[in-house]
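Report on the structure given below.
Per-chain residue numbering starts at 1, and chain names A, B, C and D are given in the order in which the chains are listed.
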């Protein structure tokens, strides 16, 4: 299964709605496909200009490693030099904290959401809620 | 004036509508702000996975140089090494062909649209029509 | 449809067989998935050490642009600065000559073969024959 | 002595067999030559798309430093900034954990296996078993 643009837009809308409902700061939300390539992105008014790269970095690491943000953070806490090295081989594009959420269908990764703007944990919770609203299995 | 996310979404929707009306191949459309940073992006189903970087490269050069895609192409045709050097100082992020469209308000650049997917000229025409539908001054 | 490792191995074996049948120099053959990521690679004895990057560059540009090597070369001949700029936005990973062969299923790109070692045209012919032997639609 | 492609393929097959026998997650296995250049690679179905870079990073550091993954990890634990600096001079291509296994003949390094997919220790054990099955001296 391939994520469609309509699904990506639905994921972004649902994640943003959840952010508003939780009273979060302005969010930036990216959806990547199963190859780690950008399908859709939105940056809410008031967010800092550099948010695209952070959102992408959270989602990119999730897809490329097959490991969601919380697992990446646990590994970085346990073995910082490993995640630094992994980031090196991926061209410095990995941001290993919560907010990178894997999307799965029948167990296979079909893409990821990357969210940034509030605390990493809140970012992840908004993405999770977004995925659930869109009817997709997700892992934060 | 700052482009809002709602305006960026309107620009993308209007550009995509124009593409469909013109019968173009699947388009990928990015909107950058006045600092060259990504506000919103959508890649239509069937587009190649690498289209984000091309769309961004068209719009980024437009904002950073204050020169739309057609002017950049003219300069590249006349003086290829100059545009190659410009690309060097911008970290290789400039794609100097039509499809990078400047957005202006009262003469000042407020952002750019980058479109890729069909011929460069068609990409530019779709972006122009999108900007006009959204009520913004544009230069292709 | 996702290319399996078994399919990738079959593609490589068939491409190498064709190379031997044509009397080509030692070949290096990579198979990338639909996201441009490496599935399998083999470098024949006697090939130069740097062949992986060339094979990958031929296949990577094909997947990312959705444009096979011969079309990339035509574009580079017609508009060299455009392909140079495209290479810039893809991190210098694109080698726009024959030998990057798109694999399709029902019209959708499912990956690419990259071949290097002999003339670019012979490289492309070997990859095409490999794809046909493996029962996949291919475009050189 | 130079590793042949046939030996590289045997090493990969034996490593993958061991992984299956041990019940490991899908493995990705690269074989590099004595110059650190890719000879052959296979990524098993179900592995994350970014596994090539991690496998290569484990094997590359082993060849370039003449130090297998376990020794690299010990050095990283003792002196993280040193391995970070080493990574800098090698272009960010080193992943200093178990799974990078040196291959030797008469004491001289003739290449390395890089394995990723399960725990680093299991990755290393599979590579070691693969090297032994192929009749080569190995150091994990």
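FYI, contacts are C-beta pairs under 8 Å (C-beta built on N, C-alpha and C of every residue); 3 or more make two chains touch, one makes a residue touch a chain.
All figures in this text were calculated on a predicted structure; none of them were measured in a lab.
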item	value
Chain copies touching (subunit A, subunit B) - same or different residues, decided at half shared	same
Superposing rotation of subunit B relative to subunit C, computed on C-alpha atoms, to nearest 5°	85
From the options C-D, A-B or B-C, the pair that copies A-D, where over half of the contact pairs coincide	B-C
Subunit B-subunit C separation of Cα centroids, rounded to whole Å	30
Whole-Å gap separating subunit A and subunit B, where each centre is the average of the chain's CA atoms	25
Subunit A and subunit C, separation of their C-alpha mean positions in angstrom	31
Intercentroid distance (Cα basis), subunit D paired with subunit B, Å	43
Numbers and ranges of subunit C residues touching at least 2 other chains	33-37, 91
Chain-level touch network, classified as line, ring, star, complete or other	other
All pairs of touching chains, each written as two labels joined by a dash	A-B, A-C, A-D, B-C, C-D
Interface residues, subunit B side, partner subunit C - complex	46-50, 53-54, 56-57, 76, 80, 83-84, 87, 92-97
Interface residues, subunit D side, partner subunit C - complex	4-5, 8-9, 33, 35, 37-45, 49-50, 52
Subunit C-touching residues of subunit A, taken from the complex the two chains share	33-37, 91
Subunit B partner contacts - residues on subunit C that touch it in the complex	34-36, 63-67, 79-82, 84-86, 88-92, 108-109
